[in-house]
Amino acid sequence: MSDAPGVDDVDGMTGTRSPRIRPPIFEMGLKGYLWGEGAVHLAKAADRLARELDVRIVFDPQHVDIPAVAAATGDLLVFAQHMDPVTPGRGVGYVLAEALRDAGAVGTLLNHAEHRLTLADIDRSIARARATGLATIVCCDSPDEAAAVAMLGPDIVLAEPPDLIATDRSAATELPWFVERTVELVGRIDPSIVVMCGAGVRTPGDAARMIALGVGGTGSTSAILTAEDPVATMTAMIEAVHRAWTERPGGA
Amino acid sequence: MSDAPGVDDVDGMTGTRSPRIRPPIFEMGLKGYLWGEGAVHLAKAADRLARELDVRIVFDPQHVDIPAVAAATGDLLVFAQHMDPVTPGRGVGYVLAEALRDAGAVGTLLNHAEHRLTLADIDRSIARARATGLATIVCCDSPDEAAAVAMLGPDIVLAEPPDLIATDRSAATELPWFVERTVELVGRIDPSIVVMCGAGVRTPGDAARMIALGVGGTGSTSAILTAEDPVATMTAMIEAVHRAWTERPGGA
Amino acid sequence: MSDAPGVDDVDGMTGTRSPRIRPPIFEMGLKGYLWGEGAVHLAKAADRLARELDVRIVFDPQHVDIPAVAAATGDLLVFAQHMDPVTPGRGVGYVLAEALRDAGAVGTLLNHAEHRLTLADIDRSIARARATGLATIVCCDSPDEAAAVAMLGPDIVLAEPPDLIATDRSAATELPWFVERTVELVGRIDPSIVVMCGAGVRTPGDAARMIALGVGGTGSTSAILTAEDPVATMTAMIEAVHRAWTERPGGA
Amino acid sequence: MSDAPGVDDVDGMTGTRSPRIRPPIFEMGLKGYLWGEGAVHLAKAADRLARELDVRIVFDPQHVDIPAVAAATGDLLVFAQHMDPVTPGRGVGYVLAEALRDAGAVGTLLNHAEHRLTLADIDRSIARARATGLATIVCCDSPDEAAAVAMLGPDIVLAEPPDLIATDRSAATELPWFVERTVELVGRIDPSIVVMCGAGVRTPGDAARMIALGVGGTGSTSAILTAEDPVATMTAMIEAVHRAWTERPGGA
């Protein structure tokens, strides 16, 4: 941190953070592929993996499924897919931080490529999450945007080249510079922010290559949820993350 | 319906409707005022009223509270505050009709003045609700917009002059023409659509006056949720709706 | 109009309209394909056609090109591609009706599939246009939405199946029911509203077939602006509209 | 710059900038208060000031007035109030960089508090401006957001506490820490980015105090455009900026 002069001030400016999520991290994004009973079933399998392996698993179901998923699991990090910067009071149809937290969520995704937010709303949503004890994974499209987001004090930055999302072309293979540049820029601003990268991560090999490029986590949605056996596919990918993490230079 | 020539065709065009919600209707909107335990507590009180009085009570909590509210009640019509027109698959952070339904919701609000939607999204969301068996209350700002919405085949149209929402000036007293015009225009297009009006409804008298103007329902949020005794305030308002309904010309 | 009850009232409700644009109409949409000198050059050619043929040509350049196009032409109907419902005063970067009018525009498109608006903003923008003497072409995606828009009192409704926009599959050939249904529904609500349909109109034959289906106008963008000779392509299409209009049953 | 390790890389990442606008800068924002002849009249007065005083004056009229304002002035920096990240081609109603430039604009505002953009659109719009030779003033709500924006390589960052915009409470007097913090954070990231602050700047004294706090520019809209004599009010404020700039510690 000695070569990152802004960090202390940045921390001072943005207040106390929620307890940090320790890498490696795997985000199991559900989007709108799975809900209800199916979501709870997959959550339980993910929860077993989180207990057995030294990997933090972020699991983000539809909002209505957060209570059931939280009740059925113990080690899973249950996140919302989105939260709004509203405070208690008015705001029909907007997702309130306090309601998420009391329903069992421990954090929220923000600004996914499929759900982009204004800069002002990202800033205010991070502040709301912080004030209610929720962690934040803020998504973005490029290394520059990852650096911009890092100035706003999120817990985790998740950068994904938008053109590769939901394709079979992994960012780890196609755009290694994108991944390495994101790690470098965010690390220089605040090394305590975990950097994740994704997009096109479809195989255990893709996940492992991503970790080898220096990120603290990765994730997958469509490859797992459209697989013939989602639990087996998810398990293989998370085991690959675990292995790649222990084998990385300087790894535990 | 003899003087409404478009109705049959409109119905034919838009397909089978979910079973209609019979007036009178009272919408107990929670917005972001109440969540978690507090929402369930109020829901139980509303549920008792729905059992005792001939009033359909629409209760719309935060999305994460839908399962608990649905599980704790039997006669309440549990609605979402918002739904997106997405289909199963991609769409991070968007609210999926199937997930709402499987969590216990029977309908959704759309296009509230605090959450405005594009015309295309209102149209597609109504279609999605219809396809999944959810009812729709589509909000709007004026009698013309109510007529426009009526062409899209919702179950209920709720018109509220936006400047009076969350004030202490009731639309029933300040803008009776607004209410009467909405009832007239929508009735001419499709008399099977229930017309509701709201905004500034803070007392049992406000609610009763609204019913007397010819609507099939009304609702309240801030007056109830910021009252010293929300259950008592809600009860008085719903009883007033019940009474005004039975006393209306031609009432049961 | 005898079988369309409601129409008189609808007119009464929404106030005096700007002088109506008489069909047939051809909309020459520029989008972001052409600007500056190129836009003025094409506008002059379109202006000559508007003088020679009994076709009203709506020409909608980028906002910054409205003054030059208006100054260089006499018979062209210069429209904005978009306008906002703002009134004079605040609103950085929003397009003000009065500024459009004083720059030479006579109308504006609203709610194109590439620029969707909320129902409330469509309603308020039509009112702003009316108050400043601008005509409105309100776009939409379906016959139902065309009927909804017709309740808001636009001058022209332009319905385009969104999946066919900028393709080589013409709505006139692929979805004749879409066109006929739009003509029927809008005509029943207010026969003084001109109905236009478009999407995938790439040849003179496509334009003629559209007119033959009963619409008062059609338009094209990409087929003309990506043609080797845009002026010749535009001329052939507008001549086809002219011919189809005079040859239609009951045509002049 | 020795204590700002990221700067070189940031510059390398984001490519060559347009020629920098040298401070002091005064932004004369028109919003929707003034258009047509009135806008040109004020522009000419501002142009004379820009010639006489060592102050760069950014003047941002409605889009349709850009050509006339550019044609009538020589030293004014004519900016758009907003630009979209679209490229030539589709995009009805969106503001194209190339069209702005060819109409005489030399830059654009982005992300004003009255017109907020997604992080992705700010990033892409800055890139589009850079590629077409337009300068950018990117607005934001807080020092943190100013730092975030600075990572995206704008020419100028303009921070305004949103609650003070269009009030008579100047940010320079009410929130000096806001101004000083913004100057410090952005300067640490890239000292070649000009920092401007505004909101509530209504008198020559407000403008001078702002400069004294270390910014490279400020601006005003409502105080000037609602004044009895806008030209006199504007002149007094710009003269105050000029004077405060020469008198600042280390000033020329």
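Note that the chains take the letters A, B, C and D in the order they are written out, and that residue 1 is the start of every chain.
Quick note on the criterion: a residue touches a chain if its C-beta (ideal position, glycine included) is under 8 Å from a C-beta of that chain, and two chains touch if they have at least 3 such contacts.
No experiment lies behind these values; they were computed from the predicted model shown.
Its C-alpha atoms fitted onto chain B, chain A is found rotated by 180°, rounded in steps of 5. Across the two interfaces under comparison, B-C and C-D, the one joined by more C-beta contacts turns out to be C-D. With centres defined as mean CA coordinates, chain D is found 36 Å away from chain C. Shared contact sites, meaning residues of chain C that touch two or more other chains, fall at 113.
Touching chain pairs in this entry, ordered by label, are A-B, A-D, B-C, C-D. By the touch criterion given at the top, residues 3-6, 9-10, 13-14, 111, 113, 116-123, 140-145, 147-153, 162, 181, 185, 188-189 of chain A touch chain D in their complex. The touching residues of chain B, when paired with chain A in their complex, are 29, 31-33, 35-37, 62-68, 80-82, 86-96, 98-100, 102-103, 105, 109, 112-115, 166, 222.
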